[in-house]
Amino acid sequence: MNKVRQLDDVIEDLKDGATIMLGGFLSVGTPLKCIEKIVKKGVKDLTLISVVNTYPGKYDLYETGGFDLAPLFANNQVRKMITAHTGTCAEAVQAMKEGKLEIEFFPMGSWIEKIRAGGAGLGGVLTPTGIGTLMEEGKKVLEINGKRYLLELPLRAEFAFINGYRADPLGNIEYRGIGLNTNPTIAMAADYTVAEVNEIVGVGDIDPLRVGTPSVFVKAVVQGYTLAERQDVFRDMWVKTGRIKVPAAAE
Amino acid sequence: MEAKDLIARRAALELADGEIVNLGFGMPTEVANHVPAGVNVVLQSENGCLMFGPTPVLGKQDADIGNAGGQPITLLPGASIFDLATSFCIIRGGHVDTTILGALEVDQEGSIANWAMPVAPGKYSPGMGGAMDLVTGAHKVVAVLQHNDKKGGSKVLKKCSLPVTGKGVLKTIITEKAVFDVTPQGLVLKEIAEGLTPETLRDVTDADFTVDPGLCRYRLPN
Amino acid sequence: MEAKDLIARRAALELADGEIVNLGFGMPTEVANHVPAGVNVVLQSENGCLMFGPTPVLGKQDADIGNAGGQPITLLPGASIFDLATSFCIIRGGHVDTTILGALEVDQEGSIANWAMPVAPGKYSPGMGGAMDLVTGAHKVVAVLQHNDKKGGSKVLKKCSLPVTGKGVLKTIITEKAVFDVTPQGLVLKEIAEGLTPETLRDVTDADFTVDPGLCRYRLPN
Amino acid sequence: MNKVRQLDDVIEDLKDGATIMLGGFLSVGTPLKCIEKIVKKGVKDLTLISVVNTYPGKYDLYETGGFDLAPLFANNQVRKMITAHTGTCAEAVQAMKEGKLEIEFFPMGSWIEKIRAGGAGLGGVLTPTGIGTLMEEGKKVLEINGKRYLLELPLRAEFAFINGYRADPLGNIEYRGIGLNTNPTIAMAADYTVAEVNEIVGVGDIDPLRVGTPSVFVKAVVQGYTLAERQDVFRDMWVKTGRIKVPAAAE
């Protein structure tokens, strides 16, 4: 079974109104090519599930302008976002104000457990996080041995777009560095999981213990930026957004 | 010295050798620069690593090595990387010793508000990120904030006016004017800045507080 | 051919190319040896791997590579290793296409009993291992068992007498005498062994069943 | 902080009546040296939490006789076991019959989720597994969107004994092969987690992404069999218990 597909073909299947999950955390471990194509296709009314919003800094990577998640909001493609944080995206905050965008917040640890539960076939998890806060609203509270917990229900999506380092054609995914973050959990919780990777290698080239997401969770493998290209993008982005100082002698 | 700088320096004294520590963004991030010599703490970045180090110099950055603020970081020898679910098992599971979090407001019941500013009726930004889990799971929660807002209003309140991040979760409150312990009997003033007395502090503080018999001058690392 | 061998061969026809498959111990393990040419399935071992291969020859074993029965195994190219929690995310999460499980009893409601034999009042052995999760999560659950016990009693029952592993979870029941589909209307006889008729089968079967209009001879792989 | 300890000193702290978790699965990934010491110390009335019982075959590794978990039962050291399967241990089944041993069964997927919840600070998880079975007895059943789930509560222990490949003195643990199994989950859920490893290496010698259990979860690191020794044990054990055929020419 060869799961390698052309990204254009995959995005063709994505329709207005879809619920999608995106792996990554402020662009680290984020499937940038997938997002670029979703932006270019212009699909609307998305429910977007991402742990945080866009990278906090202006950078122009996509030909549409912008970087990371920001263009999805600039283009009004998102109707609802399910996240732990949206403050990095001025476009999203503006859309909230105008009533064009609904944001549903979950504490980060609850957010990831909801998705894990969705992938794991669990009916929900009980968490002490959020007790005594607005998070209690509309949720079941259970008391166990005198301690109160919120019931957080599972979360799934039609599509998950994850980012990895290497993939084989069977769909085994190896991760790299802190790019791991939300990707292995999200990979489990969608009807159709698409893995964007730096490199597609042969079956057997990934050490079984280095497989972070087993093939069973992945439906399509697409070629993303090569590692060298991705390093160039991030170097340029971090320098231009002031995150890495260029030594005076080099300016 | 600026208020923010004072606060970051004072907060560094809250960290003990060998502790697992999670620092929030803004002022708390600065705390790492002021940890006294001989105190080695293990820093967690909630997006998935333990034992990270300083920002890399140009050429040493890696596209896959960034922190929960999107900044490039380095990893120290002995570092570990894990997924977000595991990272919050560490946090919620009680494996973080101390967290230092910036606050919009704190109150005398030990509550902290730092996630929700109204942008429209019933709508808030920026979101809690990992803060609600941190205040739930960390053994010691320290809030850092400037004592007063730009108009002089107290941010150390009888009761938070904004939606809280956690109710009764604070152990210590550090402003540029004072350090309070949160106890079942309310706030106890432990340290006070140069030029202030408990009486003049009450004039700029909404919250009630008692004065510790051992009240001392606001401490800073050497 | 022995009953167990017949059953394992027949069960192999339940597997389709590309499927993720979990085989229980005993007879189900043998099924892997009879999968028809051209049908490639991905075998899961619930202790933590996908795409395992045959038992190694002496010298090729590895102390850290064993299956859920404590047997040394090999890994095929494309194999993956994961922890037990992830393994049961695969199972409970609905990512296993087919599981074939040995049974002590099955019944016409599609229930299967395979974990609890009484050893003392209210005490059972051996335990369910991963079977309860498999019958909950796998898309197709196939039970394999000998049609009758040593005294001739039917093990295909109106109602299981032992504690069940799952209620109404079976899709297919395979014995050496017959193959039944489990439907909302009850058991449907799909295949019958040489030398038996639906009538003579009823004599050795406690469960009620109807006969499929397309009833055919018990099939075996070439 | 140097967490390397002598195994004898660690076991000294283990008292009668303790609740302990053991990593591993039928001896693969099992902390064999730790068990040997627990057997030799003869500590009694243990509550033992292990996913399954002992390796299904007689083999004499410990000087006390026996292999894997079997000697703990042969010596009547266990008062209660919390597991998914005990059929491999004749000694345990006999002790059950005699009323000397209580066994609490959980489906394997529920067993591991209970322990994960214990380590993760969750109040419990909802699982569809076990609905309609004896597992419902004494448990809360919740109906969510028309589907019934069992509430499984968290499980923790005073001591966890895990097995790894390599450790550094900080307590970072790298795993090897399918020896992974229950170890990383168990490591999170005890007051005092002891990691037995094949090799103790220097700080920085383990690739951060290869760390399967971060240092924060581990209290003590002890030297187990070296990898070469462990390979010899398993080769001998698998041959003597008939799991690997010795070619006729070699017999």
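Each chain gets a letter, A, B, C and D, in the order it is written, and its residues are counted from 1.
Throughout what follows, a residue touches a chain if its C-beta (ideal position, glycine included) is under 8 Å from a C-beta of that chain, and two chains touch if they have at least 3 such contacts.
All figures in this text were calculated on a predicted structure; none of them were measured in a lab.
*Asks:* Which chains make contact with chain C and with chain D at once?
*Replies:* Shared contacts of chain C and chain D: A.
*Asks:* Of the other chains, whose C-alpha centre is the longest way from the centre of chain D?
*Replies:* B
*Asks:* Using mean CA coordinates as chain centres, what's the gap between chain A and chain D in Å?
*Replies:* The mean C-alpha positions of chain A and chain D differ by 34 Å.
*Asks:* Between chain B and chain C, what's the gap in Å when you average each chain's C-alpha atoms?
*Replies:* 56
*Asks:* In angstrom, rounded to a whole number, how far apart do the mean CA points of chain B and chain D lie?
*Replies:* 38
*Asks:* Give the residues of chain B that touch two or more other chains, as numbers and ranges in rising order.
*Replies:* Residues 49, 81-82, 88, 91-92, 136-137 of chain B touch two or more partner chains.
*Asks:* Which residues of chain D are in contact with two or more other chains?
*Replies:* Only 113, 116, 120-122, 127-128, 176-177, 180, 208-209 qualify.
*Asks:* Go through the chains and record each pair that touches.
*Replies:* Those chain pairs which touch are A-B, A-C, A-D, B-D, C-D.
*Asks:* Quick check: in the complex, which residue numbers of chain C touch chain D?
*Replies:* Residue positions touching the partner: 45-49, 55-58, 61-72, 81-85, 88, 91-92, 115-116, 119-120, 123-133, 136-137, 163-168.
*Asks:* Residue numbers of chain A touching chain D in their complex, please.
*Replies:* 113, 117, 120-128, 142, 144, 147, 149, 151, 153, 175-177, 180, 208-209
*Asks:* Mind listing the chain A positions that touch chain B in their complex?
*Replies:* Listed in rising order, the residues of chain A that touch chain B are 25-29, 51-52, 55-57, 83-88, 93, 96-97, 99, 103, 105, 107-110, 112-113, 116, 127-135, 165, 176-185, 212, 227, 230-231, 233-235, 238-239, 243-247, 250.
*Asks:* Would you pull the chain B residues touching chain D in the complex into a rising list?
*Replies:* Contacts found on chain B: 18, 20, 42, 44, 49-51, 75, 77-82, 86, 88-95, 136-137.
*Asks:* For the complex, give me every residue of chain D touching chain B.
*Replies:* Residues 1, 116, 119-122, 168, 170, 172, 188, 203-204, 208-209, 211, 214-217 of chain D touch chain B in their complex.
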